[in-house]
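Next, two complexes with chain A in common: one pairs it with chain B, the other with chain C.
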Partner chain A sequence: MIQPANPDLVTVNIDGREIAVPKGTNVIEASRKLSIDIPHYCYHEKLSVAGNCRMCLIEMGMPAVDPATKAPIIDEATGKQKINWIPKPVIGCGTNVSPGMHIRTTTPMVKDARESVMEFLLVNHPLDCPICDQAGECKLQEQATGYGRGYSRYIEEKNVKPKRSVLGPHVTLDDERCILCSRCIRFSREIAKDDVLGFTDRGSYSTLTCFPGRELANNYSLNTVDICPVGALTSTDFRFKMRVWFLKQTNSICTESSVGTNTVVWSREGVIYRITPRQNDGVNDTWMTDSGRMLYKQVLAPERLKSAAVRGAAASAEDALRAAAELLRASEAGSIAIVGSGRSSVEEQFLTRKLAEALGGAPVSLVSRVGEGDGLLLSADRNPNLRGALVTGLIQSLPPVTASLAALGAAIDAGKVKTVISIGEDLTAAEAGLSAEQLAKVSLITLGTHASATSAAAAVVLPTLTVFEKSGTFVNQQFRIQKFAKAVPGPEGVGDDLATLSALIAAAKAGASASEADTPAAAASAASCDVHAVWATLAAEVPALGTMTYKTIPDDGLLLDGTPYAALPFAEGEALHYKPACAAETAAAPEGAESRAKAPAAA
Partner chain B sequence: MNLKPETLQRIDEVITHYPVKRSATLPLLHLIQEDIGYLPSGTAEWVAAKLEIEPINVHGVITFYPMFRQKPIGRRHIRVCRTLSCALNGGYKVCDKLKEEFNTELGEISPDGEVTIEFVECLASCGSGPVLMVDDELHERVDVDKARQIAAQIRAESAARGPAPAAASPAAAAASA
Partner chain C sequence: MPEERRLIFKHIDEVGYTSDIDCYLRHGGYETLRKAVAQSPEDLREEVKKSGLRGRGGAGFPCGVKWSLVDRKSGKPIYLIVNADESEPGTFKDRYIIHQDPHQLIEGIMISCFANGVKQAYIYIRGEFPHGAKILERAIAEARAKNFVGPNILGTDYSCEIFVHRGAGAYICGEETGLIESLEGKRANPRIKPPYFPAVLGLYQCPTIVNNVETMCQVRHVIDMGGEAFSKTGTPGNTGTRIFCVSGHVKRPGYYEFECGKITMGELLYDVCGGPLEGRQFKGVIPGGSSAKVLRFGERFKGKRKQGADMVEFDWGVEDVPMDFDSLAAIGSMGGSGGVIVMDDSVSMVEALANINAFYSHESCGQCTPCREGSLWMKRISSRMVHGQARAEDAALLKSVADQIPGRTICAFGEGCSWPTQSFLIKFKDEFESYYQSKESRPAEALQLV
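What follows is the complex of A and B.
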C-alpha cells in the first residue's frame, strides 16, 4: 500500500533499508519495525530513557552537505550523497531519528562495542545461571550468548553484595546479579509513583536498595520483576518453583476488576505457576497489579467445589442436573428468580439470559461489586464483565451499588419468589445483601467455583470452572471485548459452565412444555455448547456482537460501541487508558490528561 | 534535626538559588554537615521533605560521596593525602605517626575525642607533598617530625581550651575550624 506523504514521518536508513517512522521515535524502535534487534537492558519503551547500560551502541551518520552552500555532497564513486559517519558509536535508545539519518548495526565497530559492554557487565555478575530463576528469559544470558566472548579474562575477585534482600511482600533482590540498569527505579518513580528504590554507593560498589525503613510494598511491585533484564529482582512467590522453559503460556484476562488487564498464564501439567502481564497498549501497557497475579491461587484453594451436591450430599453431575430440573418443574410460573454475575463470561451471561427467557422471563439481578479504584490498573468496579451483561442484554440497568439484591430479598420475604438460581454469586456476601433467613425460605440452585454460605444452603450445587479452566470473553470498562483461553483443565467432576447452563436451559424449556426431560445433560450435547457454538447463536441474537466470532476477536480485543450505555452511572474513575464517558463529554480537552502524557517525556 | 537558626536560614536561602528545589540537595547536605559535624540518621528524610523529593534520592547522594559522614568524628578532622606524590615522599609514614600520636585507627575518634584521621585521595597540592589538612588548614611538606609538632599543637590548643568534657561533643568539631 502506498502511504500518503505524512509530514510527521521521518525516513531513516538502517543497515541499508529505508523506513519511515514517526518523529521522535528512537533508533531502537525504528529498527524494531525492520525486525532488526538492537540489544539493550536499561531502555524500556514505557519508561524514560536513562542511557546507562550502553548495550545499544550503534553507528550513526548524516548525509553530507557543503557547510557554505548547504548543497548535498555527492560521493563520486557511487553517485549518491555522501554520508558523514560519526567516528564513535552512539546509543540507540537516546538517539531520536532525524531526516536522512543512516544507522549501521552490523559493523565491526558495533560488534566490538557490544562485546566490550558485555564484558564489563559480566565483570561482577555471578555465574549462577544454573540456580537463577531468570535463566531462560534472561537478556544478559541471551546476549552473552550472542555477543559475549565465551571465556572470561577476569582473574580478580568478584564483588560480594547482599544475595537475598527482601524488598517487600512480593519481591526478593539478589544484588550481585543487578547490572544497575535502573528500570525498576524508573518504574517505581514514573508508573507506580512510589519512589523507594535507588542506588547507594558508587562505582562497582553501587547497590540497588530500598530506602532504609521503607519497603517496596505497592500493588505494582512485581512489575519490577518483569522488567528486570536479569535475575536480580525475583518474585518471592515464583522463586525457585519452576524453570520457565517448562511452562506453557496461555493468553488470559485478569478478572480482578473491569480494567481487563491482558495476561499470560504460565502452567505446567495442569498446574499454574505464575501470571504475568501481556502487552496491550490500549489497556494495560506492559503492567499489571500484584493482587491480580495472585488470583491463580483460587484454582487449588481448599474451599474449591469439586463435586455436585443435592441437599448437602455429594452427587453426580447428572443427578444434580436432574434434581435442578425437578426443582424448576415443581416451581410455579413466575416464582423463579435468577442472580447473574458480572464475573461470568459474555457467553455465560448470554446463556443466563436464555435461561431467564426459557423460564418465562424470570427476573435477573446482578451483584454490584464496587471498591476503590487506584487510578491505574485496578478500577472501582471489581466485576470483570459488568458491561458484558449490558451488551448481551442480561440486564438493562446497573445493579444498585449497595445491597444489590434488596429487591430480590423483598420478593422472597413477600413470598413471590420461591426458587432462586444463583450463577457464581454468594448471595449472603456483604455486597449482595441477602440474609441467611431469606436463603432458607427458597429452593436454591447455585453454580459456583468455591464453597460459600450460599452453596451450603443450596438444594442443588453445580460446580463451575475458574477463568483459567475455560475459554470465553469479557467486556472491559472501555467496552473492549477480550478473549481468554483455557490454560489448565478443570478438576475432575466439574463440568463445563456452558454445558451446565445449556442443560439448565433445556430443563427449563422441558418444564415449560410439561414434557419429560429425564436427561437434561444429554439434551445439551457437548458439541452444541462449546464456546464457538454459543458464539454462533450469540452473534445472531446480539446485534452489537454480530460482526465477530470468538475466533476473529484479535488478541488485543475489539472495541464495541459504548455510546448506548454512556448515560449509565458506571463506578470507574479515570485511569490508565480510560476516561469515564461522562467526564469525557464535560471536558473535551482535559488538561490533566495532557500534562500527564507529557510528564514522562520531560523527565 | 537540631540545626542552628543561622543554618536553617542559610538552607532556606540556598534553595532559592536553583530553578528546581532538588538541585539544592548537595548544598543542604554540606550545610548540615558543617553545622552538626556529620549527617545523623534522619537527614535524608529531613532534606527530602524540605526539597519535596523522596528520601531515597537524598540517601543515594549521601552514600555516593565519601565526603559525607554518617557517623560523628573527633573535634579536629585530619586528612592525610595517600595519592602518588605524597605517598612517594613519605605520606604513609606521616599517617602512621599521627595514628601513633593520637593512639587511634583510621576513621575512628581518638580516645581523647580530639581527632579523627582519614587517609584520603589527592588533596591537590602534589608539588609540596606529603600534605595533610587539619580541618580547612593545609600543611605542606609534612614529615614525621612535623607530624609530631602538629599533633603537639593540637593537644596544646585542646589544653588551652580547658579539659575536655566527659562526653566529648563532636558538634564542636566544625565550629573549631
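What follows is the complex of A and C.
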C-alpha cells in the first residue's frame, strides 16, 4: 500500500485500484473518483446519510494483522498482506474510508445484492413508466436496466397508496411510486429547515405525507422533486408537459438575486419548459428557489415587448434606432442622462458605460432593488449583477436603497436633464422613484423586455431580450463572474441587446461629431457586437477582466478580486456560500445595514 | 430429570408473594444494592465481567463486554435503558418479572446504574403492557420513598432516577437503536451502525447501555453471589440460569428456569413439559422465539463445538441439544429470547409459516428495502398458498426471496424475518413443495390471516 504524503488523505483500494482520498470520504465518493459507479438511491452528497435503500451494498475488507503482535499477515500465494473480507456486504454511503481499506464492487455477492434490491424495489412499484413524468431521468429505470435481472417473479397484488396528492403549491406526490428513500424528508429538515414531511404507517405500507395541517410550501419545495430518484414527487408546473429526453439543456444563471444560482434551462423548439439547479459547490450546491424556477414564465408573458415603437406607434427596429439617434442628436450637450441596470449583463453594462462616454460623460444612475434575504439562496440584493456595474466601471458607488433615482428626478425638475435613456428599468417603479410627471418632462428612450409605465411614456421603445434569449455574464455577490448562454431565440423583431446598445453608441458618436450618419443599425452589424466581440474590448478596457474571455470562463465561474469594493455597504446578509465582507465590522454602519434589510421587497 | 433452579423466578407465582416493596424487603430485597453502593463502580463492573453473564434479550452478547464498550471519556452523561419491549412471539418471561417482582428489576437497574455512573435510567415498556407500566410506576415510587431510587440513595452521594416510558406497540422498538429513536420521540427506525453504536452515540447522542429486563435481574444475582460464584452456575460460556417460555403442543406449557446448558431440549419437552399431547408426536420446535430457526424432530446435528477451551464433537438429535446459547448456535439456530414454540404433527408448517410471515411483514419498520419488501412478499406468497392458490414453484420462490434479505439491512430484523422462512423451507421442504398438490383437499376455508 502506498502511504499518502498528506496525513489528511487515506489510501484505499477499490476493485484493485488504489486512490488517496480525504479522511471522512465515504466509499461511494471515493469510488466516484475512480469513475467506479456505485448505484444508490437514498444517498445524496448534500444530505445526511440514511443508509436505507441498500442499493450501494459493496464488499469490504481490511488488511489482516496478527491480533497479538499487530504484524501484517502475509498471504503466501500472492506475497501481499492478506485481506479479511467481511462476509456480509456493507453500505457504501455509510462506510467511510480508513487506511488500507479494500472494496470490491464487482463480485457475485455485490451483483446479487444489487439484483435483489432492484427486485424488491420494483415488486410494489406501479411500473407506470409510460405515464410517469420521471421516465427518462428515473434512477429506478436506469438502475433496473444497469443492475436488475430484467424479469419479474412477482405475481401478488401490489400495494395501493394515494395518488396525485397535492403537497403544496408546487409539488404533487404519487405515493405508489415512492421508494421511501427519505431524501425529501431529509432535505426539508436539513436544508430548507421546514420539517413538514414524514412517513406514516410502516413496512411496505409506509407512506410519505405532509404532517397534518401542514403543507410543503417553502420556497425550496421543488428541490424535493429534483432529488426524488423516482417519479413520486413531481413538479405541478412541469408534469405532463414534455418528455425530458426531448428537452435541450442550456446552462444559465438565475437572475432572481445576487446569489447567482447556477441553473439549467430546459427547452424545446424555442419554448422553455422548466429550470432546474445546476450543481456549483461554491454557490448553490445542488439547490435553487422555487421562485427562481418560475422566472421562465416572463418569456411568454402577455406584456412582453415584441416590437420597437416610436411615440406609441409600432415601428421597425431601424426606424426606432433612427428616431433615437435623432433624439440624441437634437439634445443639448449635458442634458442626457442614462439609467443603467443591475439586471443587465456585464457586457451590456460595459456598453452602457461606453454609451455614457460617447455622450460626453452622461451621468449614469442605477436602480437598487433590495428585499429580504432568506439566508440560503435568495439574497437581499435582487439585482443579479450589481457588482458587474462596479467591475465594468459603470458606477463607482452603490445606488441609494430607496428612491434610487431621486437625484435624477431633481435634475429633471430643475430642467437640467431633458433626455433619459433607460436600459432595462421601469423608472416609475417604487425602488426607482421617478413620477409620471417627471417622465412627461423628458424625451425618453427606453430599452426593456416588458411593457411598463416607462415604455408607455417613452418616445422610443427598443425591445430587448430576457436572460434566456442571450448570452453573457453576471458577477454575483461573491464577485464570481458566471456566464449564461442563450437557451431559446428571442421573439421575432427583437434585436440582439448588444447590437442595440452598439447602435446607440454609434448614434451618440455620430451626434457628437455632428455629422449625418447612416442608419445607426448598419454601423453596428450583429457580427461585430456579439458577446465574444464585446469581450475583446471589454478585456482590453476592464483590468479586472483582462485575463479572460467569455469562452475561458469555466462553467462554475471565476472569482474576481472583490477587495477594491470591500468598503461598500452591500445589502446582502449571510447565505449558503456567502459571508458579508464586512460582517466582522458591521458595527461601523449598523443602522445602514439594518434599514436596507428592512426595505420593501423588490418585485 | 434436572431440577429447576429458580433464581430470577424464585418468587413468581409464589402464594403470598406480592409486588409491593414491603414483601420484597421481607425477602431480603435491596440488600444487594446496599452491598453494591459500598463497592467501587469499577469493581462491580469487574464482577459482571467475571460472571460471564450474557444478555437475555436474544443475542446473548456478554453483558460485561457491553458495559466495557461504553464511552466514559466523552464527558456526556451515560444513560441506561431497560428493554422491556418483550415482543418476540413465544416469549413471556419479562412480563412475569414486571408484574410479580418489579423490585427485583429495580434493584438490578440501580446496581447497574451505580456500576456505570448512570444518573438517569429508562424502562422502555411495550405499549401492550399497560398494567405492567402501572406496576413499575408504583414500584419506583415505593423505592424512591425508601431512598433506593432518586437523590442520594442509601445516604450516599449517588443519585439516579428511573423513568418508565411506554411504547406505542411496535416489535421494532425492541431493537435497541429503534428503541432509542422511539424514546427520543421519533419513528422507531433503527440507526445505522456505524456510527450510531449506543455505547458511544446512543440516546440523545450520548453513551447508552441497553439491557434486557432479565439481564438486569441477573446482574442483581451476580453482585449478590459474586462474579466468580455466578460464573460457576450454568456451563462455561453460558453462565447463570435461563428462563424458558414453552408454548404450543406440550402437556404442560409455561415458564421454567434452569441453569444454562444443564438441560436438553428433550428433557425440557418430555420430562418438564410432559411430552406431546395424547396421540400426537412432536414435529418441530422453535427454540428461541419465532425468529430463531426451526428444528425438525428426527434431524441429526453433527459438528464440533467449543467446550471450555477444547473443541469436542457432537452428534445430536433435537432432543439431545443442551439449551444454551452456544449449543443452539452450533446447530444453526439460537437461544434467542428463550421462547420455545412446540409444534406437533397436527400442524401444517405452511400455515405456521404463513402466520409468522404475517407477523413480520406487519412489524417491519419499512426503512430498508430488502426487509420492507421481502417480508411483505413472503407473507403474500405464504398467505396465498394457504388460501388455496399454491403453485408448484412457490416453495423455491419463498426460499429465494428469504435468501435475499439477511445480512443486507440496517438491523437484525432482516435476519429475524427471513430465518423462519429459510429454515421452514429447508427443514420441511417436502411439505412446502407438495403443498400445491394438497390444496384441493384443503377447501379455501382456512382462517383469513392478518
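We adopt the following convention: the second predicted complex is superposed on the first by the 579 of 603 C-alpha atoms of A that agree within 3 Å, B and C clash if a C-alpha of one lies under 4 Å from a C-alpha of the other, contacts with A are read in each partner's own complex, and residues count from 1 in each chain.
Throughout what follows, a residue touches a chain if its C-beta (ideal position, glycine included) is under 8 Å from a C-beta of that chain, and two chains touch if they have at least 3 such contacts.
Every value quoted in this text rests on a predicted model; they were computed, and no experiment measured them.
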Touching partner for A:117 - first (chain B), second (chain C), both, neither: second
Residues of chain A touched, compared between chain B and chain C (which is higher): C
Touching partner for A:55 - first (chain B), second (chain C), both, neither: second
Touching partner for A:157 - first (chain B), second (chain C), both, neither: second
First, second, both or neither for A:195, with chain B first and chain C second: first
First, second, both or neither for A:339, with chain B first and chain C second: neither
Touching partner for A:211 - first (chain B), second (chain C), both, neither: first
Chain C-contacting residues of chain A that also contact chain B: 198-199, 201-202
Chain A - residues contacting chain B, complex: 189, 195-202, 209-212, 214
Residue ranges of chain C in contact with chain A within the complex: 170, 172, 187, 189, 192, 194, 361-370, 372-377, 380-381, 384, 397, 400, 404-405, 407-410
Interfacial residue positions of chain B with respect to chain A in the complex: 44, 53-57, 59-60, 63-65
Chain A residues touching chain C - in the complex, by the definition given at the top: 49-55, 57, 87-89, 91, 94-96, 112-113, 116-117, 119-121, 123-124, 153-154, 156-157, 159, 179-180, 198-199, 201-206
